[in-house]
Every structure is written in structure tokens, then in C-alpha cells.
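In the two complexes below, chain A is the common chain; its partner is chain B in one and chain C in the other.
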Partner chain A sequence: MKVLRDKKAIALFLSPALLVYSVLVMIPIALTFYYSVLDWDGLGEKRWIGLGNFAKLMRDAVFVRALSNNLVYILIVMLMQLGIGFLIALLLTYLKKGRGFIQTVYYIPSVITVIAVAQLFTSFYSYEPIGLFNIFRKLFGLAPIAFLSEYRTVLPAVASVEGWQYIGIYMLIFYSALVSVSPDIIEAARIDGASETQLLFKVRIPSITNVILLSGILSLVGALRGFAAPMNMTKGGPNHRSEILATYMYKKAFTSRDYGYGSALAVVIVILSIVAVLLISRYMEREEI
Partner chain B sequence: MRYYLIKRTKRVLYWSLMAAFLLIQAYPILWLLLAAFRPNIELLSAPFALPRSLTLENFVTIFTKSHILTYIKNSAIISFFSLSFIVLFSSMAAFAIAKMKFQGNRALYRYFLIGLTIPYSVTLIPLFTMFAKIGLIDTRISVILPLLAFQLPVSIMLFVNFYRFIPDEIIEAAVIDGCGIFGIYGRIMIPLSLNTILTVLAMNFITVWNDYTFSLVFINSAELKTISIGLQDFIGPRGLKDWGATYAAIALSILPTLLIYFSLNSRMTAGMTLGAVKS
Partner chain C sequence: MFSRRMRCIGGLVLTSAVLLTGCSGGGKAASTEEAGSSSEKAEREIHYFSSRSSSDDTLLSLQEVTDSYNKEGGKIKLIIDSNADRSSYDQKLRTMIAGQQMPDMFDLDASPYAVELGNQGMLTDMDQFLDEIGEKDSYIPLALNYGRTSDGKLYTLPLEFSTEMIWYNTEIFSDAGISEAPKTLDELLADCKILKEKGYTPFGIGGGDGWPLLRLLATYPFRLSGNDFLNRLASGEAKMEEEPGVKASEFMAEIGQYFQPGFSTTDVATGLNLFLSGKVAMYPTGTWELNYFTDEKRPEKLKLGYFYMPSCEGAVTKPNEYWAFGGIGLAVNPKSFDKEYKDYLSYIVKNYSKVYFSHQHMTPQKVETGDSSKFDPLFVKVMEDASKIGETAARPWDVVLKEDVVSVINDNLPGLCMGEETPEDFRKAVDEALENNR
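Presenting the complex of A and B:
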């Protein structure tokens, strides 16, 4: 149909979204690469220093810590979201009544602001006045811990906030995938004498590998966006023990006004995200989007 | 007998697991909503004991002694404008991508979808310098624009997924009846996609209302602060925090998203499982 090939109309429909998206998302990424080879405070003169910022990164112990923290952060978030999300979804498939109610309740944390959740957990982690987690520790005869000031506990404590908050989303995705597995196949396997465990690993999980893969990618992308919880709860402290790349970048750029160095940190985040992009495009290739 | 025992143990195990997960997931939110109504002194002495008295004092405090209403107003204004443009721009682009014929159609769609994977943090420095150059820092526009841009990919995806379901025959019939391209978009696609629009609105409202990063970086003045940033007002120097007021403010700030969620529950979860993307 000719009307659907009208070039002017196509341009008109596409240009607002294309313009806004390109100028405010894609061009800034290109600029981030450009700024990363500069020595620049954002106001004064830009000085080209080649890979100087990156050489500095390699020698920067805080960067190395932030990078390794970030990987641990991603790992904790993904394990909680995918692991617990899958477990709950699986349990729900055996439930006959009240499923809707439980799903609704599980999903609630996903719709509220991270800051609210972060504040809430801050009081749960509290040492003085004694927080919920320390009340539990005392019940089991353990000494209370200042979760957010101990080197050992601060990173898992902060990562758990984001991990916990979005469990509901993955529960929901996994659940709708699990119930979409054809009942005939499951019935046939049962007749053949398959146990519930065999059913799970030989039938159910293999039939939803695509959804598991997609959820993994989503969870990875979400974890890579993590920033608000550590920023709000600890600002990366104590002594950078909960510092991740985004919080370090924020401080370098907007507190120390070192735009070049901050951009070099952002480039590292971009590289991590490229891994996610590659995974997604592999997925799209398979799904033929 | 033994079979019966195993079955019973399994049942007990199942229900205790269910109960444990439900507790982990629901307790914090319930506790928060209750804490908003508890006197400060109780929250300081025995915050996790069963409440002995309830009060509206915390809400009186936040309404009279804080700027919470200003913050809510700012978040509402930002949400209104972001959402309007998100729906308009993404439905237009998705219509062209899903229904119109041009070269590079698929590549363009992919170009948009890349946005799903980009963390806000990598654009902050360039956006700041851009906005500073044209005098947008510390305006509501500086928060609206990046939120709009970052929410386009997921919204376009939801619209494309829906438009592909609309049979081409409907469009053909409309063309035969003399309908132009804008008529097809405005009088056929949009009315047909009201449910999708609702999904897009609900999902994006959650993200936009909850925004923390862009408000943190681009807004300085107190009278333009959004609710996520405003919540930090109640954190005083160590030990001086007004816990009761904090919880009341948090409860108030999550109220709009909870209302949207409970009224549009099925639409939103449909969007989540289809788009399967979070903020």
C-alpha cells in the first residue's frame, strides 16, 4: 500500500522519538568516550591526555575495589532475584487457592521507590536503636552487628536491598512461563513414572530455557543500573567497601569535578553494559525480533 | 503409612517455605505502613515490638514542618509531562516501525532496543554539560527530558508488540474508505491500543515517579526537589533522625504508586511479563 510507504509520514512519525533518544541517550554515550581522554573539570580548558585516565584507573586501588564490588553486587542481586524468584514461582504452581493474592503481595516492593526500600532496610540493619536483623541475631544468641559499618557485611547488606526489591518481577515472569508448559507433556511424563524432581529438571526447566535466559539478561541489566541504594545508604562507605562504579563515578564527576576521570569510569560501565547488549542481541537473533 | 508420612512432611515443608517467603516479602512493607502511625518515642525504644499506641502526629509533622507537599507537586508535574510525551512519541515511532514499510526498519527497532541496557550513570556527565550549556540545570525540564528518553525503548517495544497483532486488513479497509496515514494512526491504532496505553502509562509512572538519579544530579534548589530526594530531608545528623516523620513521608511517597498498582494490577503485570523490563 502506497500510504504506508509515504516517506514524509514515516519521517514525521519517527523523528520525535529518534531525536530525543539519540540526543539524550546515544550521543551522551559517544561524548563519554570523548571526555574520557581529557583532563577536564567541566568548566575550564579541555586538555587531551590520551589514555592517561585509564592508566590512572589501573593504579587506583579504589577503582579496583569498586570494580570487584560491582561484580559481587551484580552476583548477589542476580542470585537473589533469579534464585528466590524461581523458587517462589515453582512453589506457586502447586498452589490451588490464593495465588493471585500472593503474587500481588510479592510484587508490591517492585513498585515503590528504591529510596523508601533503602531507608527501610537501613532501619532494619540498625545497631542502635536495635534493628530487626539484630533482634533476630540476639534470638539466636549472636552478637549484634552494625551491618552498614562493618567491612565484611556492608556490600551484601546494600546489594540485598535491590535483590530483594525486584524478586516479585522474576517470580511473575517465571510463574507465567512455568504454567505455560503444556499440561499434556507433564501428564505424559507423570504417566511414564517421572518423579517431581525429574519433572522439574527434565521437563519444566528445559521447556523454559528461553525465559530463564531473558530473565538472566534483565536481572543483569537491572543490577548494572544499581546506584540509588548504595548512594543513599552508605555513599560507598565505609572506606569504599560498598563502593560500586556508578557511585565512584558520581563522586569523581560531581563532587571532585574531575570530568575526565569520571568519564573513564563511565566507559568501564559501558563496557560492562556491552556484554549485556551482546547477550540481548544474541537472544533477539534467536527469537527473530 | 510411610508414604503418608512423607507426604505430610512435604506438605509441612511446602507451607513453611511459602509462609517464610510471604513474611520476607510482605512484612517490611506492612511494618512501614504501621510505623508511619506510631509515636516517635516508641520507634526509638522498641521499633519492632507490637505497637502500643497509634497516632497521626507524624503526618502532622510532615505537613506542617516539611516541604513534602512541594516535593509531591514537583514529582507530579514531572510525571505528567514525561508520561504525556512518552506515550505520544513511542506510539508514533512504534506505528512506523510495526506498520509502515521502509528500509532499515528492523535496524532502527534494534537501535531503540539498545536503550534497554544502558545504565543512567554513563550519560550523566555529558547530559550535565549539555544542560549547563543551555541553562537547563536546576529546572524540571532537565529531569523530564532524560526520563522521557530513557523510557522510550521499553514503551516502543510494548507498542510494537501490540501493533503487530493488529491485522493489516483493517488498515487496508481504512485506506479504501479514503483514510490517510494520520487517520490510520489517530482513528484506528490509538483507539485500538487503549489497553496498551494504560500499560505503558502504569509502568512508566512507576519509573518516573520513583526517579532518584536525574533529580539528584540536575536539581539543586529545594523548591524543585522531587519526592525521592525530599525523603532525605528527614535524615538528620546521627541519632537526630525523626523516624516517625521519615516513615510517614515514605508511606505518603509510595501511596500513588501503590494506588496505581492496585487499580491497574493486571495491566501492569501483563506489561511486565510481555516487556519483562523493570526500571
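Presenting the complex of A and C:
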């Protein structure tokens, strides 16, 4: 292991991964920045327009709607993934038997492709032929709803798909963190007369703050990248009610053939992702101090 | 120090060599494989990027024609990449072309995009090709000319000849006391109202696919102005605020209340199933789905009829003028259009329609129909109707208008139909898109 003390050797070992990462990630991002200052329809000449596409963004009502929808989308996804994931993980810590089976069941959706999950939920939400959710509504004496067509339900409906799909991953992360809390501390708290609620909020959660924050970053970045489910299920409709930045970017670039404007939208997504991650990691650093 | 640096450089070179060897090894294997196959067959591969489903009779017919071409000594391997989701197809095609990866053969509408491609010399001139092989007269003018772009150029060959109509369930109509199919748009709305009051879902539509809603939107403008209003919209001379646009948006706001709930995410296949299973009273589609309605194929209990585009007060087009076109056409990449490819395409032009007709479809070329008793009566009736079509056929909006405008219309139409957006808001959004795309 002596070789690992040599910085040049470390650099050598890291260089292939860096090379692949640069080709697959950094270069496309740099090209996106380049295209964002162009007016190009994919065929004719590329015209340099400076920050013209970004100025157009500020005046674009659909962009504003997509941005606000994106915030709601992120909120729903994070609440489901972190909230429900944590709740299940916590319940699992009290479970004596069948834990492995439940973990597997909750984890399965994470390994299914998003498109298949989106198709599955499209059927669940369906009005005609009647889908699973509307069957339940009828059983409870409620009128069926066209979840993916109605303005008020469409955004929560598509966001829930991504939220639901990855609950299993966060459940596993939280469960691993919760069981790693020293039993001595928990035992000591119990002897001191702490209730289960106090144990949770005063001992367990404070002990795994970093894991929670890390999960927050993962979930946030994942939600910011959300695309496949809304695109597949509603194409951002009706009337942009389920439009998020990624679907709008895709439609502008590939449906309207406005590659420059689509790239400008992509740049906004990249910047927002970086800002969000920086904010959280700065918060983490502060916590560590 | 020197030796350590050299070791580093040596390591990098080795790493790169391993990577490159990996790459070149794969390449060598592939080329050996290609060489092997070429020595055995020497086939010419033609890549066809298609917007149709792999079970579509146009593709089956093309494959059959290719097989018979090969039996007669040809050596063509037609590789079909089928992408039935139309919007996804359009996006992929445009991205491939923008990335300099134009397929040898692909489906293309006579849209503003085709004009741009044609202006840059990226499409084969089919007028010239058909003149060269002397086959232009074999085509039905309505089918062939549908593929002409706004500047009159022909870059595509039609593979079908379709008409569009609205199918209706005669038993549901009778039960609601409606004795005949509506002839005008007002009658259509009145019938929808009666059907709804009777508890039926009057109109099933595959709104998720966009184009069925666009067809209904285009009805009033076509009846009131032929294709003139549409052409003026495309050229930036007209606005939706003019009478045909106002009528169209108000009509959509009204008929939207009679669509099945959830129509905006219903695809055409689901819409068709709703009609075939008797859950909706009417369903608009074209003759490419005729096989689902024939005596042999449709559900036994289903009794149906059809009517063409209803008219309206002040109409300038005749009742026998409606949706009739050659469908999305076949375009050819001029870079790969050499002598061998030209010979193959000539064979297709000379033989395709006969094969396609044998699958009970109307063809873009004139064919000997022979004994009609062997065909389904419905197919024969539709063919008879087609022979009586007037001079003007309605042109689809999604072919004539720019992609961005069509995208804005598609985004806003469901809201208009659901009553979430007013006709004024809708017209304003479309006019803004037209202005931005002048």
C-alpha cells in the first residue's frame, strides 16, 4: 500500500475515471453552455446571440410555471422518499421477524426502469378503463377522477411516481443508519426514563443527522433530474400543469427544434442543481463544526 | 525524479494502450464479421427509420416487395427501425439529422421542416425520380400532391391513401332517438348533448396523441375557408382572432365537454378500444384503422356507421371534401441514393401498391381492383366514397404549421376542451406562438 502515498500514483489511478467522466459528463455540459448562447434550429447556421436565450427565459410564462411546478415536484418527491422511507426504516427497527422480506419488497421498485413504473401508474390512475386508484375511490363511495387530466391532481400524481419508486433506497439508508446508533446510548436513555418518542427525537435522529442530510442531497438532486415519469405520462400537460424544467427543456430542444433555448433551460437546471447541493453541503460543514 | 516521471508517463501510455486496444479489438471483430457476411451475401443494407408500428401493413408490404425484389436477383436488406410513437419519432429524426446521422430512408411530412431540409439539398427530389422512371402518372394526384411542400416541391413518396371519418355506434344513436348521422357541426353538438343526457359518453378521442384534437380544431376553418386560413396562418398573414379561428376555438370549447374523462392522456389505441367495446358513441379515425371495423374483425355486437367531416353554415367547401391524403411519405437520403438504391426504389414504386391493396387498403397508386366481392363490404364502400372525393382535401395543421406552433396548440387544446382555458386565452397563446415563429 506504499504506492498509495505517492500523489502521482494516485493521480495515475484516478485519470482513467476522470477521462471517462470528462468525456461523458463534463464535455456535454460544456457544450450545453456553448449551445445556450446560440440561436440554432439543428439545420441552418448557428447564430451567436449572447445571453439572448436567458433574457427570453425571464419573459417566458411557461418557464416560470415549470419552475414553480418543479419546486412542488421536488417537495412531493422529497417528502415521500425521505418521510415515508424514514418511517418504514424506523418501523423495521422494531420488527423481529420478516425484516428482510419487507426490505426486499420495498426495494424492488427502485430496480425497475422508470418507464415501466410510469406505465404502471398510468394504468393505476386511469379513468377509463378504470384504474386501481379509481376502483378504491368507488369502493369508498367516491366519484372516479381522471388523475392525469385534471389540473389540480396531475402534478401530485406524476410527482408521486418518482417519490414512490425510490422510497426503498432511502428506507435502506435510514435503516442502516438507525441500527448503527450505539445500543449503549439507547439503553442509557431508556434507563433514564426516555419515552420512545423522546428516544426518537432526542437520540436517534440527532445521531444520524449527517445521513439524513446526505439523503436530502441525493433525493433533491434526483428530484431535480426528474423527467421520465412526467414526460411519459403527460408530456407536461394538460396546459403545462405538470410541466417541469426538464420536460420543458426537452420539448423546446427536440420538439420545437430550438436547441439554443433548450440548452439555456438545461444550463438553468445545472446551475440550480449545483446551488442546491452547495447550500446543503455548506450546511453540513457548519453542522460538523 | 526523471525515472519516476517516466514511470508515470509509461503508465499513462500503457493505460491508453489498453483502452485503445480494447476499442480497436472490438472494431476488428466487427469488421471481420462484416467482411464474412459480405463475402457470403454481399447484401446492401438500407436503413429505414419509420414512424409506423412494426405490424403496420405498409411495412409488411414494403418487406414483401423487398423479398420479391431479392428473389428476382436483388441484394437488398431492408432494416426497419420502427417508432410508432409519432412525437417521439419526430424528435428522434430531427436529432439524428442535426447530428449528421440521416437514415437512408425515413418517413417525413411535407412540413416546414421538409422545406428547410430540401433547401439545403438534404432530400431527394421525387418529381425528378418519378419522371426518370416514368411512374408519376401511376399515382392518384390527391395522394401524391399531399406530399408537396408549401413551395411546391415533392420530396416524399406516399405509401398509403387515407380518408378520415367519424365512426358511430348505430345502436347507441337509435337508443338516444337519433335517426341519422349529423351533417353539420351544429347537429353534431346537438347529438352529443342528447347522448350525454341519455347517460352515454358521446365522443371518444385519443387526445394524448395530439392529432385527433387538431383535426377537430381544423374542421371549422376548413369548412369556412378551405385550406386558405391555414396557409395564411402558416405564412403569418392570419391570426386565430379571425372568424375561422374564433369559430374553431369556440367549437372545441363546446365539444370538449362531451369527450370521455381523461381524454387528454388517452392514446388512440385506448380511444379505439373504448369505441369497439361500446363505451363511447363516436370515434374519429382514418382508413388505416379500417381493419378494426370490418365484418370479420369488429366485435360481433358492435353495429356501426360512419360520416365524414360535417359541414356548417357559410361553408365554402363541399360535403365530399374532407380529410384525404397520402399519409406521411417516404423520403430518401440523397447521399446514399446511388444506382443500386435507385433500382430498388423503382421496384418498390412499381410493385408496392399491388401488395398493399391485397392487404385491403386504399393505395396511393391506381391498381386493378378486380373482383370486389372478395373484399369486405365496408372496404368496398369506403373505396367508392374515395372515388367521389371533391377537388380540395383538408390539410392537417400539424403538417403545415411549424413544430413550435403545433406544440403550443397541443399544449393548450386539452385545457380549452376541459373548460379550464377560455377560447380567448387559447387564441392568444396560439397567436403569440405564430408571432414568435414568423
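Just so we're on the same page, the second predicted complex is superposed on the first by the 260 of 289 C-alpha atoms of A that agree within 3 Å, B and C clash if a C-alpha of one lies under 4 Å from a C-alpha of the other, contacts with A are read in each partner's own complex, and residues count from 1 in each chain.
One rule holds in what follows: contacts are C-beta pairs under 8 Å (C-beta built on N, C-alpha and C of every residue); 3 or more make two chains touch, one makes a residue touch a chain.
Note that the structure is a prediction, hence the values are computed from the model and not measured.
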item	value
First (chain B), second (chain C), both or neither touched by A:Tyr35	first
Contacts of A:Tyr259 with chain B and chain C, given as first, second, both or neither	both
Contacts of A:Thr113 with chain B and chain C, given as first, second, both or neither	first
Chain B versus chain C as contact partner of A:Ala55, first or second or both or neither	neither
Chain B versus chain C as contact partner of A:Pro16, first or second or both or neither	both
Which of chain B and chain C A:Val64 touches, first, second, both or neither	neither
First (chain B), second (chain C), both or neither touched by A:His240	second
Partner, of chain C and chain B, that touches more residues belonging to chain A	B
Which superposed partner A:Leu79 touches (first chain B, second chain C, both, neither)	neither
Contacts of A:Leu142 with chain B and chain C, given as first, second, both or neither	neither
Shared chain A surface residues [contacts with chain B and with chain C]	9, 16, 42, 129, 254, 259
Residue numbers on chain A that touch chain C, as the complex places them	8-9, 12, 15-16, 41-44, 122, 126-129, 144, 146-151, 233-241, 251, 254-259
Residue ranges of chain C touching chain A (in the complex, touch as defined)	4, 8, 11-12, 15, 19, 87, 90-91, 94-95, 97-98, 113, 116-117, 120, 201, 208, 260-266, 270, 273-274, 279, 403-404, 407, 410-412, 414-415, 418, 420-421
Complex interface listing, chain A residues touching chain B	1, 3-7, 9-10, 13-14, 16-18, 20-21, 23-29, 31-32, 35, 42, 84, 87-88, 91, 94-95, 102-117, 119-121, 123-124, 129, 131-132, 135, 164, 166-169, 172-173, 176, 214-215, 218, 221-222, 224-225, 227-228, 231-232, 245-246, 249-250, 253-254, 259, 262-263, 266-267, 269-270, 273, 276-277, 280-281, 284, 289
Chain B to chain A touching residues, read off their complex	14, 17-18, 21-22, 24-26, 28-29, 31-32, 43-45, 47-48, 85, 88-90, 92-93, 95-97, 99-102, 108-110, 112-130, 132, 145-146, 148-150, 152-153, 156, 171-172, 175, 180-182, 184-185, 206, 209-210, 212-213, 216-217, 227-228, 231-232, 243, 246, 250, 253-254, 257-258, 260-262, 265, 268-269, 272-273, 276-278
